[in-house]
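Below: the structure, in structure tokens.
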Amino acid sequence: MASGTAILLVSCPDQKGLVAKIANFIYANGGNILHADQHRDPEAGLFLSRIEWDLAGFNLPQEIIGPAFNAIAQPLGATWQLHFSNLVPRLSIWVSHQDHCLLDLLWRHQAGELAATIPLIVSNHPHLQGIAEQFGIAFHHIPITKVTKVAQEQHQLALLKEYEVDLVVLAKYMQVLSPNFLGEFNQVINIHHSFLPAFMGANPYQRAYQRGVKIIGATAHYVTSELDEGPIIEQDVVRISHRDDVKELIRKGKDVERMVLARAVRLHLQHRTLICGNRTVVFA
Amino acid sequence: MASGTAILLVSCPDQKGLVAKIANFIYANGGNILHADQHRDPEAGLFLSRIEWDLAGFNLPQEIIGPAFNAIAQPLGATWQLHFSNLVPRLSIWVSHQDHCLLDLLWRHQAGELAATIPLIVSNHPHLQGIAEQFGIAFHHIPITKVTKVAQEQHQLALLKEYEVDLVVLAKYMQVLSPNFLGEFNQVINIHHSFLPAFMGANPYQRAYQRGVKIIGATAHYVTSELDEGPIIEQDVVRISHRDDVKELIRKGKDVERMVLARAVRLHLQHRTLICGNRTVVFA
Amino acid sequence: MASGTAILLVSCPDQKGLVAKIANFIYANGGNILHADQHRDPEAGLFLSRIEWDLAGFNLPQEIIGPAFNAIAQPLGATWQLHFSNLVPRLSIWVSHQDHCLLDLLWRHQAGELAATIPLIVSNHPHLQGIAEQFGIAFHHIPITKVTKVAQEQHQLALLKEYEVDLVVLAKYMQVLSPNFLGEFNQVINIHHSFLPAFMGANPYQRAYQRGVKIIGATAHYVTSELDEGPIIEQDVVRISHRDDVKELIRKGKDVERMVLARAVRLHLQHRTLICGNRTVVFA
Amino acid sequence: MASGTAILLVSCPDQKGLVAKIANFIYANGGNILHADQHRDPEAGLFLSRIEWDLAGFNLPQEIIGPAFNAIAQPLGATWQLHFSNLVPRLSIWVSHQDHCLLDLLWRHQAGELAATIPLIVSNHPHLQGIAEQFGIAFHHIPITKVTKVAQEQHQLALLKEYEVDLVVLAKYMQVLSPNFLGEFNQVINIHHSFLPAFMGANPYQRAYQRGVKIIGATAHYVTSELDEGPIIEQDVVRISHRDDVKELIRKGKDVERMVLARAVRLHLQHRTLICGNRTVVFA
């Protein structure tokens, strides 16, 4: 892991020679490929690829790799992202009342599971400030009402700029982000406490109980302007029975929520996710 | 298993002394309880119970047990069912094009997993007649169109009477049963090829693919007049990835469908299910 | 939950009238049964039961219930335990280097998932003292060497007495308890980082990697004097692939370990476990 | 799927330029890569790769591809296999008493899930001959005793030659193949009815019951001369409880066995498995 790999995520109209051209670019400059994964989406007519190589002994300086690869990507009609493992993403966690996803992410961060810096916690409630302090992270309490929402989102956007945030993780943040906000900042992962598309919107556990399902779940997805409709990164489920009331569903669900969210955030931070239409390709 | 147990399913307004009264009835008549399971539904204010006891050495003749228990049940305001393991239920399997659920149920029946007699297979298509013949089961091809549906359902109901069917299993039978049919015969289990309530109705795999879910599932439920809304007996899921196209979803889904349906049918045949509102209590 | 239920765990040679006699005892004294679950173990010839009833309106004072029930239990040859939800068990968590199980249990305790008091953390290493302080729990560092083990176990036993501990949870405590210790105190739950009986003993993840398994797991069990051989309470697994090296196995395993241990501890604290030979009956 | 792809499985000492050289070979000859997956095993120092490309428009005739690729592979020190989707492997299923894995494989074959021809069923018992006849497959009853084993294995090997078998699937074949047999024919997949390495050898369900595990499993692996020690292709598990006796474990286990075996056979037939030491790389 460490410092010292480059990761290229490429999405490109399918055609002959793609793997060869990308691999040649890396080989010609002295790179050793550590991981390579490809996917062909016949419906979209796209070839998607994730390639990670060792920067040790690579001939191109880091800032030249992008421009140099672009010369190859342009004629292929490819869109691409280039990431470096030594540039650690900056992550902001947003919460409301519940602390389980927040604590889980912070514990994993401490344990070295998440290659990120976490400079900022935002909440529309003041309750979790103590946790932020305990972990030495700035905490901003930004209450939201219908009236204040527009202004407060501007405040939030300003904070993201100030703290140079790359990714916002909605860790049970119970406010909907406006299309306007998402137009300004769209690197946002949310955890929804149901197995989407079942029980979109409010009170999924209550509704799961009423419906009498035998399994509940959680879904981590990229946030788009349509509520609970963004590209799904990860889902998981847990079995329940008639003995479980809504309170038990919430309790069991919390374990699934924090697992699913943590896996999704980790996949994103490792640059293993590519959005293709409203679906994700996960190079796991 | 064998022949020789009685199973009592009781649903009753919650009150003191219920377990004692039921257990005393069995003990007083010389019965040895083999399994007993209870559930209290605080929302419905109901106490639900399944008790199975050995008929060997039981003092009451089989035909007297019901009336005798009724004398206890009446003052409690209980509704109850009494089943005997030596009265084997008669099951009819209904299919359309796909054979996987049918074959799985027939194989399990042969393997002794399903305590039932299977005298009748019904299909709106002729294709699976060969399987029925191979297993020595009567096959009735009853095509359904909008025009013929009312008459054909009468035909179906007549067959259920003729073959003395206790339970109909819709093993990928792709026709909706009318409220009228269900008014005449309502012991029907269906397998729906999605994780309900996600993807109710038609083409769930196509829609799951479009939505980009990471897990698909199947749901076995009792059929009611509202499509895919009946009480759920059993569900299960299987993980998929971006590599799986709709064809793969269908293939993976078939395994979940047949497992889930078989488990639900077995639970029903063992009299382990009780409907409580639109939910099931499963005494597993 | 709250305060105010009695829980009876009964293990008894199978015979007619057991449910009736127990239920009558509760009914005769004005108790309302909230949950009742039974199991018959044909091999051991035992009938095992867990019954929980509301103490509100129960005629017997709490201290009389045991003696009164004993009069019924004696002639049946039953062994039994009586627990009260208002007597909160006292739990001690023992750790070595790793913090994930400890933190998870402490977080769940704070979240109200574990009906226990946690007065004492013991470790053979000093590293996790800070966590204990943060949660306001006494921390005792008791290093163990081959030479000091006998004396240190006496020290540990004295602490258990001093803190009136009912249950010890080995949350990745990497020392074996001696038969002598267990002779003095045997209410101990351990988490083993493999799917027992696979990979008993040391370095299970390393060995799982070498064997090339496709699934790893964790096992929570009661501790007996035979290493990793005690009655299993709970197990779970997680899928791995050839991409996962030992470090990844350890990372993925940690999530399974803390889930499995937490579930086992919760089941024990709710008095849902009964040991039957070297197996557990879990009235879940 | 169809007819018309080439699949290259390559295992090679890790070095720069591997992906480029393989991809260039395909591109230079006009091939379009459909799937490509790589894995680097740092411990073994190996780079492993599976590449599948469309033969439509590929410049090299099928019989030349191997020799041509060899010229590239040799200097890299690579070992490789080349497969063609239009050369359908020939599979022999071996059974003893139980029919569930056999029937499941045959049903999947009929449903188009297994790209293979199945010309031969071998059994050391006569019971399942009827199934072979029903599916129009040659059935050879070859009973084995300690005395006859050497001779009968020669008989079996002769049959494999006669029927030009590429893969033997031990679908609950309860005889151990001798090292001598495996020296002659080693493309053999076995299903073991436990979660290996737990419960190697005989009577795994009986022993799982005795141990009181809460989860049972099944393992599909390549057969080597050390019993139940070969490279694992696939495993899966199912949850059990104290209510499940050995008979129930067997029943639940059968579903896991047939799923796991079918998945392993399918992976092998799609040339998605590579053996690396005693582990498998599964390009799924």
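So that you can tell them apart, the chains are marked A, B, C and D in the order they are listed, and the count of residues begins at 1 in each.
Assume a residue touches a chain if its C-beta (ideal position, glycine included) is under 8 Å from a C-beta of that chain, and two chains touch if they have at least 3 such contacts.
Just so it is clear, the structure is predicted and the values come from calculations on it, not from any experiment.
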item	value
Maximum centroid distance from chain B, chain identifier (CA atoms)	A
Self-contact between copies chain B and chain C, residue sets same or different by half	same
CA centroid of chain A to CA centroid of chain B, Å	42
Centre-to-centre distance between chain D and chain B (centres being mean Cα positions), rounded to whole Å	37
Residues within chain A bordering two or more other chains	none
In the complex with chain A, residue positions of chain D that touch it	14-21, 23-24, 26-28, 30-38, 40
Chain C to chain A touching residues, read off their complex	100, 103, 107, 111, 113, 134, 251, 254-255, 259
In the complex, chain B residues that touch chain A	39, 41-43, 195-199, 210-215, 217, 231-237, 241-243, 245, 276-282, 284
